[in-house]
Amino acid sequence: MSTETLSPKSEPSRWSKAWNSNMGYSFRRNPVAVVSMIIFLLIAVAAFLAPVIAPYDPYDPAQMDIMNSEYPPVWVNGALPEFMLGTDDQGRDLWSTILYGTRLSLLIGICAVALQAFLGISIGLVAGYVGGRLDSLLMRLADIQLSFSTLMVAIIFLAVTQAMFGTDTFNRYAVVFLIAVIGVAEWPQYARTVRATVLAEKKKEYVDSARVLGFGPMRIMVRHILPNSLSPIFVISTVQVANAIISEASLSFLGLGMPPSQPSLGSLISSGFDYIFSGSWWITAIPGVVLVVLVLVINLLGDWMRDVLNPKLYKG
Amino acid sequence: MSLLSVRDLTVKFAMRDETVTALNGISFDLAKGERLGIVGESGAGKSITGFSLMNLLSRPGYIDNGQILFDGEDVVQMNDKRLRTLRGNRMAMIFQDPMVTLNPVLTIGQQMVETLLAHRKLSREEARQIAIVKLREVYIPSPEERLEQYPHELSGGMRQRIIIAIALLLDPQLIIADEPTTALDVTIQADIMELMLELCQSNQVGLILITHDLGVVSQMTERTLVMYAGRIIEAGRTREIINDPQHPYTQGLINALPQQTVPGQRLKQIPGNMPGLTSIPTGCAFNPRCKYATDLCRSRVPDIVQYGEVAVACHEVQRLNSDEDRQEARA
Amino acid sequence: MFAYLAKRVIQAIAVMFVISLIAFAIQGNLGDPLRELVGQSVSEEVRQQLRDELGLNDSFVTQYLRFAGNALQGDLGTSYFFKEPALDVILKKLPATLELVFGATLIIVGLSVPLGVYTAIKPNSILSRIIMGLSIIGISIPVFLTAILMIFVFSVEYGWLPSYGRGDTVQVWGYWQTNFATADGWLHIILPSIALASIMLPLFVRLIRAEMMEVLQSEYVKYAKAKGINPWRIYFVHALKNTLLPVITVGGVQIGTMVAYTILTETVFQWPGMGFMFLEAVNRVDTPLIVAYLIVVGFIFVVTNTIVDLVYGLVNPTVNIARMGA
């Protein structure tokens, strides 16, 4: 009886706590942040429910008919009503393909950033906590890694991988390769920020007292120091997801990412580019708009978060 | 006529939800060449007073009301151009922390010369010569070489001397010094204070010294204002205030000085903390910390009135004077 | 000064060594040089003989040293496709890329400083809000999409500007063909330069604005105001000089990113530079050319970063070059 009366009460209280917090307050006051969040959620939900929502399966060759290729969207003359946003050069329904493509772009972006965060946070914690030679070596490496642009490293790595394994094998594992290369190349962003927090926190008394109480370094780092770097990590992560999605699109556009048979937004734009001169603008334009809107709302949310949390970000 | 005459100065800060009052109707005068100390805890409004005098408050702070007559002209009403001819020229300021006051990417020479050129028609070489003379006045060795150096190459004490030299560059009528020695080593603090006193006396410059250190005030100044939570609570000749404070807060400050304590005993601190600007209690702002507080103190803000040698803002000042507690406390 | 310089140069050499190792590993594992030489219809015996002659059976170290020795003499192998020394192929394409980067840099430097400073000084003006709004849209549009959009508008719809190639170029010196000598050349470089600048410019505007706003809050700017200094002098001497220090560091990193973006821009505009060439080489599995590109680009990165570090040291008085490196 008592649990029943308690649980519905405790649930909204957590919500209202978040709602009334500083962040919740500034969120409600900021129409740009609210609209961005709504659009982002709409895109994200639609993308992850792609198999349910999409009228066609773009990965199923049996549902494609080359005779259906290059139909324009319904609001243009000469369209077919069953293809809401028209069809691409292979006769695939563009709406379905975009849903699946957005899902891939988001998936790759988020997974790559998760990998970056994991590597960067671990390295930053170790470098800051251990200090000394290991620290200066790791930070030197971070400098060098940062001085090479991620996109450049990714292009060369993927180009060589593709040439080495052949296109067929490469295409099969393209998702994995993309996540790996975007994930590995950007770890210094996190590592530097986390290291800076560790260095600042390490001096404080509570870390000493935790050490005196006999807590191991792992526990001190994860339970005591890491929470202090959460706000910069949040801000970096938002921007990094936007960047990762752009990187993935750029790589796919160059033919070094997702293959046309399993297109992300970037590869869709790429395949449409060949038809732009013949007037079939929608194959490029519609996925392009989706990509830009997706990245834009993430960046806007990142901007808002930076303003609210105002973390001390590492400056190079 | 006094050099500076502040009337009913009110400064507010526009925060997210509300506007808080940082200075609440401050009035005081300063004669030519007079040295005035402004004392209080951090947050009492001392620095804000200093910056207001130059009309140099940065957002979200602004002067809401009042007059600041400097040589008969109201600083509050001046436009930006007029203000620029005032700042650094007729009224100079010495900032708190010399480590962050000078621009790190400009040489000492550049920072001195630009100040002169901003106010006088001079050639660079003439300006340089004046800078060298002023550096000598503050006892900086080999000033020619210092001009070529960047701030980070000099010690904190040296930098504060240079800032004093910059303040004197244009022979101002008034120098506002905002805690000029708090950021320095104790050993250097006395040197800098002595230097400032010497220069102010020999050049007939007025000084407003903002500090929390009553010892420094007693050495340096002729008159003192004591501030609490955005108001002046006691004002008068420094000697009177140090020797015979009337306001319970001033008494508490003086009793808390280490000199007033028998070695081995605890310092007599005032209980509690100064309220934040958003939570100033009604009535006298000091009433929650005051052992003499009455219902009147909790409901009405006391006016500042002349009492004996000093002006004081306290409802209970008469009772206090006949109170035995006080005799006890002073013993 | 010398110690600082020596330290940077040693680091640069170390990085080049790692790059050469990677390049060597790629060369050894990508494609089969024998097949390129003699095709597949050769007996195993002859193949072994050829491998010996080519030194492919030597130890790893011997092979690497030979590779590095040749590379130092400018011999990065012969392109399978062009049948020319790979380095020559790249050097012929290099001017096109460098001119593109130069055009974009002009746009970025010329616009980012005034826009960044303006938006920092007047953060609440309508123009600032518009600039900041455009800048966040700018960083959200991938370079290749900006390029396509511009081609669609300015070339396909209106036909004002050419959409591909370099147009008329003029031989200046050696391999160097320039776009900047003819009107046609200028017209051809406009769109690609803007496209290349499109993502970097908003990034720099935002960076300069953020740094500048922070500097404007500093004590020394407040102090300069208290000295009665003219606001323009405060903005452009006191504040901007301090703002540019972090901007130079980030700028150094961004030069590298810009080289990467040339690949995208050149692909869209079919600009005959080394980025476009590199993608073609990848599609043809032209291993020597891929390896040569990697080494040349790596070299460009290392040199620019070293120069940026040195410039930073010269501009920032608090980095005492004479005493650093100790």
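Letters A, B and C mark the chains as written, and numbering starts fresh at 1 in each.
Just so we're on the same page, a contact is a pair of C-beta atoms (placed from the backbone, for glycine too) under 8 Å apart; a residue touches a chain by one contact, two chains touch by 3 or more.
This structure is a prediction, so every number in the text was calculated from the model and none was measured.
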| item | value |
| --- | --- |
| Two chains sharing the most contacts, counting C-beta pairs only | A-C |
| Greatest separation from chain C - chain, by CA centre | B |
| Centroid spacing, where centroids are CA-atom means, of chain A and chain B in whole angstrom | 53 |
| Distance between the centres, which are taken as Cα means, of chain C and chain A, whole angstrom | 25 |
| Between chain C and chain B, distance of the C-alpha-averaged centres to the nearest whole Å | 54 |
| Shared-contact residues (touching 2 or more other chains) in chain A | none |
| Of chain C, residues touching chain B in the complex | 217-220, 222-231, 233, 237-238, 241-242, 245, 315-318 |
| Residue ranges of chain C touching chain A (in the complex, touch as defined) | 11, 15, 26, 29-31, 136-137, 139-145, 148-149, 151-152, 156, 246, 249-250, 252-254, 256-261, 263-264, 267-268, 278-279, 282-283, 285, 287, 290, 294, 297, 301, 305 |
| Interface residues, chain A side, partner chain C - complex | 140, 144, 146-152, 155-156, 159-160, 162-164, 242, 246, 249-250, 253-256, 266, 269, 273, 276-277, 281, 284, 288, 291-292, 295-296, 299-300, 303, 315-316 |
| Residue ranges of chain B in contact with chain C within the complex | 54, 56, 58, 80, 83-89, 92-93, 95, 97, 100-107, 114-115, 118-119, 150, 152, 166 |
